[in-house]
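Before anything else, here is the set of structures, which you'll find just below.
Look at the two complexes coming up: chain A is in both, with chain B in one and chain C in the other.
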Partner chain A sequence: MATCPGCALLCDDIDVIVENNRIKETRNACRRGAARMKGCFNRLAPSIAQKPVDIESAIRKAAEILKVAKSPMLFGFSNSTCEAQVKGIQLAKKLGAIIDDTSSFCQGLLIETIFQEKFRTCMLEDVRNKADVLVYWGSDAQDSEPRHLSRFSYFPRGESRQRGYEEDRIAVAIDVRESNTAKICKGHFYRIQPKGDREFILALTDALSGKVPAYEPKKILELAAILKKAEFGVIFAGIGLTYSIKEDMEILVALADKLSNFHIMPMVGHYNMRGFNENLFKETGFVNRVKFEGKAVQHSPAEVLDTPSRGVTLVHDDKYSIVEALRNESIDALLVAGSDPLSSLPRSLVRHLASIPVICIDPCVTMTSKITAVTIPCAVSGVESGGTAVRMDGKKIELSKIIESDYPTDEELLTRLMEAL
Partner chain B sequence: MVTVMELYQLLPKTNCKICGESTCMAFAVALLGRKRNISDCTPLLEGNFKKQKEKLEVLLLPSAGAEETGMIVHPELCTGCGNCVVACPVDVANDPRGAAIGCAPTNDKVIFKVVDGKVMASNIKECRRFGKNRVLCYACIDPCPTGAIEFV
Partner chain C sequence: MGLDVGKFMKNPEYEIKIITYRDIFQVEALERDRFGKDYEKLSAFIGMSKNDMAKMGLKSGDRVKVANNNGSIVVEVRESRRDEPGGVAFMVNSPWSNVLVSDDMGGKGIPEFKNITAKISLVKEEITSLESLMEYFRKLKQV
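Now for the complex of A and B:
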């Protein structure tokens, strides 16, 4: 049995058939997972200024760039193991650099709220065994985490839900479009306008308090009745919901307070994004957007916290997110580990990448690796190297090494980079 | 999926009974159920109906690779989510500690398996649509939002 690093579900029931040190066939993994486990078609080669070199020279050059930089930034880590993430944080500390991951433009806010224990949350095994009302809010689990519905939430029979989806469970989808998840929810799909989540939450809070909601009263009252009857409900909050109410997370906290049997779970895409958030939270008290300055740690948005026990000062500011750092052109070197900002960020923002030296650590050729000053190939974590990762519900899962590889792991590379510094 | 009426509209509609069926509509039903071939309708093979015959062949092409139960899996549409594996009542009965609870199948008695990210049907004789006492089961089609499984 192997663990799939395809998405944050980290399915650990995958069978693989290995032939000549290559994965020939995967069983039980979804299409996304199978593609990830079979490796990349276009393997990254070590290079400096797009000219091939050996890994050692590439590491030395990367160390040189980072040493000279006045305001370096480390970004990515959502597709790295926890061990590599810890090394990344140590490297940022050593450099006095900004460190951020994809969660600053993804589910970071929601995960931070969960770490602050403002919401009740639960494990996916509890969902399988107990949940009777499942709300997919702004999330298309069927496409983003393909095995979510079949492995944990809607279809399986659980200890207290022996009749599974046929009788014991109700799935509700709230989304701006009829996604594939909404197609499965059939009679319980509530279409909302883009950015209409706030209005919907307020109307639902009214309905749960016994008032007639101002917005689509018939549908909202029907939904409120379903939610009230729930014995164990879960709201799977997707990026659609988080983006829509990011300025006002408190209204979701208020809704969760009204629903005493409900739990909230962030739908995470990258396989170890939550791991990075946990590791950084442990170290600094923040989940992303952190700047280490000498002995001080700054975090965005501008919030200064004293942690005398560690002898450091923490500052919290939006300008340390990758989006703001690129927009303000405030960084002069960037190390990207296991991420592809060029393909995931808007064109207007990534323009700055062309004018600064970028170091790319990745197993495969990406759009970012094509414009970088230094490329350093690493092993595919979860396939060519083992480690630990954190599932979307916070459970630690061991990743297994399936095939042998000559490539160093990202943890090893970051350690060597630190030594070179 | 093609309907009986679509097939009927392309037949000669003369109720000539040469094929052995009482009407052309009955022949269309048999054609859809894969009990008859297009070549059983001899007037259709004559020159006047050449275009209709070609259209019929195109319409019936997807069902050519169907299993005995009429099941067709479109691998290009499948995302490997495994909803059908867990929802199939036969899989639940045959593998209560594996497929039934959302985990990987623990034995070979299950009908659906996900291989290389795409679903594959096996043990088709276990399917509720197979055999004399078959029932019109939709358990694997309903949970598939991409339409990767269909019965013809």
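Now for the complex of A and C:
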């Protein structure tokens, strides 16, 4: 049995058929997972200024760039193992660099709220065994974490849910479009207007407090009645919801307070984004957007915290998010590990990438790698190398090394980079 | 009675709201080969409700220019398979949709990936290729 690094469900029931050190077939994996495990078509090769070199030279050049930079930034890490993430954090410390990951423009705020224990949360095994009301909010699990409904939430039999979806479970979708997940939640799809989540949350909170909601009262009261009856409810919060309410996380906390039998779980796409958030939180008390300065750690938004035990000062500021750093053109070198900002960020923002040296560590050729100063190929974690990762609910999962590879792991590369410094 | 200016223009422009979403088949294509034809086909299109398309005189397979202050792309328009109420168009999250996303996020670090306003009009130009999106960056590098 192998573990799939395709998304943060980290399915650990995958059978693989290996032929000539290649994954020929996967069993149990979804399309996304199978494609990840079989590997990409274009493997990355080491290069400097887009000219081929050996890995050692590429590492040396990367070290040189980072060493002379006045304001370097490390970014990515959501597709890296926990071991590599810890190395990345050490590297940022050593360089006095900014470090941020994709959660910064994804689920970071929600995950931070969970780490701060403002929400009740639970494990996916609890969902399988006990959950009777499942709310997919701004989340199309069927397309993003494709085995979520079949392995854990709606379809399986569970200890107290013997009759699964036919009788024992209700799935609800709240979304701006009738997603594939919403289609499964037959009769319980609540369509909201773009950016309408806030209004919907407030109306639902009113309904749960016995007031008549100001907005679509009939539908909201009907949904409130379903939620109230839940014995073990879960809100699977997707990026649709997080993008819509952003820093207004408190209204979701207030709603959760009204739902004493409910748990909140972040829906996470990248396989180890939550791992990065955990590792950085352990080290600094923040999940992303951190700047190390000498012995001090700065974070966003502006807030100073003394942690004398570690002898560090933490300063909070949003300007350390990848997005603001690029917009303000405040960084002069960027190391990207396992991410493709050129593809995933607004184009209006990534212009600055063209004017600074970028170092790209990735198993595959990406849009970003095609314009970077240095490329360093690594092994595909969870396929060509093992390690650990954190599932979307916080459970640590071992990754499997399935096939042999000559490519160094990202952990190894970051260690070598540190040595070269 | 006011003049319907749109009637006399060759290719009228309409303002639309675009919501982005994820699609498993596109994600699969991305994993395999982000520079491949499949990924482009599954990304470079805009889905609209039947009603909206009729209102704008568009039919499935037409090429449209979708543009705003942030950038401009040419994609294929396809009728949404769902019975959508209209008023909103849909694009799969991709480098194409990201051309249209604003960099103004009030200093909070989260762009409006899922809430785009743009103008749409029928065109004859070729669909924007990933290579041409890359070309944009290469040119920036040379400046």
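Criterion: the second predicted complex is superposed on the first by the 421 of 421 C-alpha atoms of A that agree within 3 Å, B and C clash if a C-alpha of one lies under 4 Å from a C-alpha of the other, contacts with A are read in each partner's own complex, and residues count from 1 in each chain.
The working rule: contacts are C-beta pairs under 8 Å (C-beta built on N, C-alpha and C of every residue); 3 or more make two chains touch, one makes a residue touch a chain.
Everything numeric here is computed off the predicted structure, so don't read it as measured data.
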May I ask you to decide whether A:Ser385 touches chain B, chain C, both, or neither, giving the answer as first, second, both or neither? neither
For the three-chain arrangement built by superposition, which of chain B and chain C touches the greater number of chain A residues? C
Mind working out whether A:Asp13 is in touch with chain B, chain C, both or neither, as first, second, both or neither? first
For A:Asp143, is the partner it touches chain B (first), chain C (second), both, or none of the two (neither)? both
Is A:Ser339 in contact with chain B, with chain C, with both, or with neither (first, second, both, neither)? neither
Is A:Arg151 contacted by the first partner chain B, the second partner chain C, both or neither? first
Which partner chains sit in contact with A:Arg27 here, chain B, chain C, both or neither? Use first/second/both/neither. first
Now for A:Arg128: first (chain B), second (chain C), both, or neither, which partner does it touch? first
May I ask you to decide whether A:Ile184 touches chain B, chain C, both, or neither, giving the answer as first, second, both or neither? first
Return first, second, both or neither, reflecting whether A:Phe41 touches chain B, chain C, both chains, or no partner chain. second
Show which residues of chain A both chain B and chain C reach, each in its own complex. 30-32, 34-35, 142-143, 146, 180
Looking at the complex, which residues from chain C come into contact with chain A? 17, 19, 21-25, 27-29, 31-36, 70-71, 82-85, 88, 90, 94-95, 98-99, 101-103, 105, 107-115, 130, 133-134, 136-138, 140-141, 143
Would you mind writing out the residues of chain A in touch with chain C in their complex? 6, 30-32, 34-36, 38, 40-42, 104-105, 109, 140, 142-144, 146, 176-180, 191, 194-195, 239-240, 243-244, 246-247, 269, 289, 300, 318-319, 321-324, 327, 340, 342-351, 353-355, 364-367, 370-371
Residue numbers of chain B touching chain A in their complex, please. 78-83, 85-87, 92, 96, 100-105, 113-118, 143, 145-146
Report the residues of chain A in contact with chain B in the complex, numbered from low to high. 13-15, 25-35, 128, 142-143, 146-147, 149-152, 155-158, 164-165, 180-181, 183-184
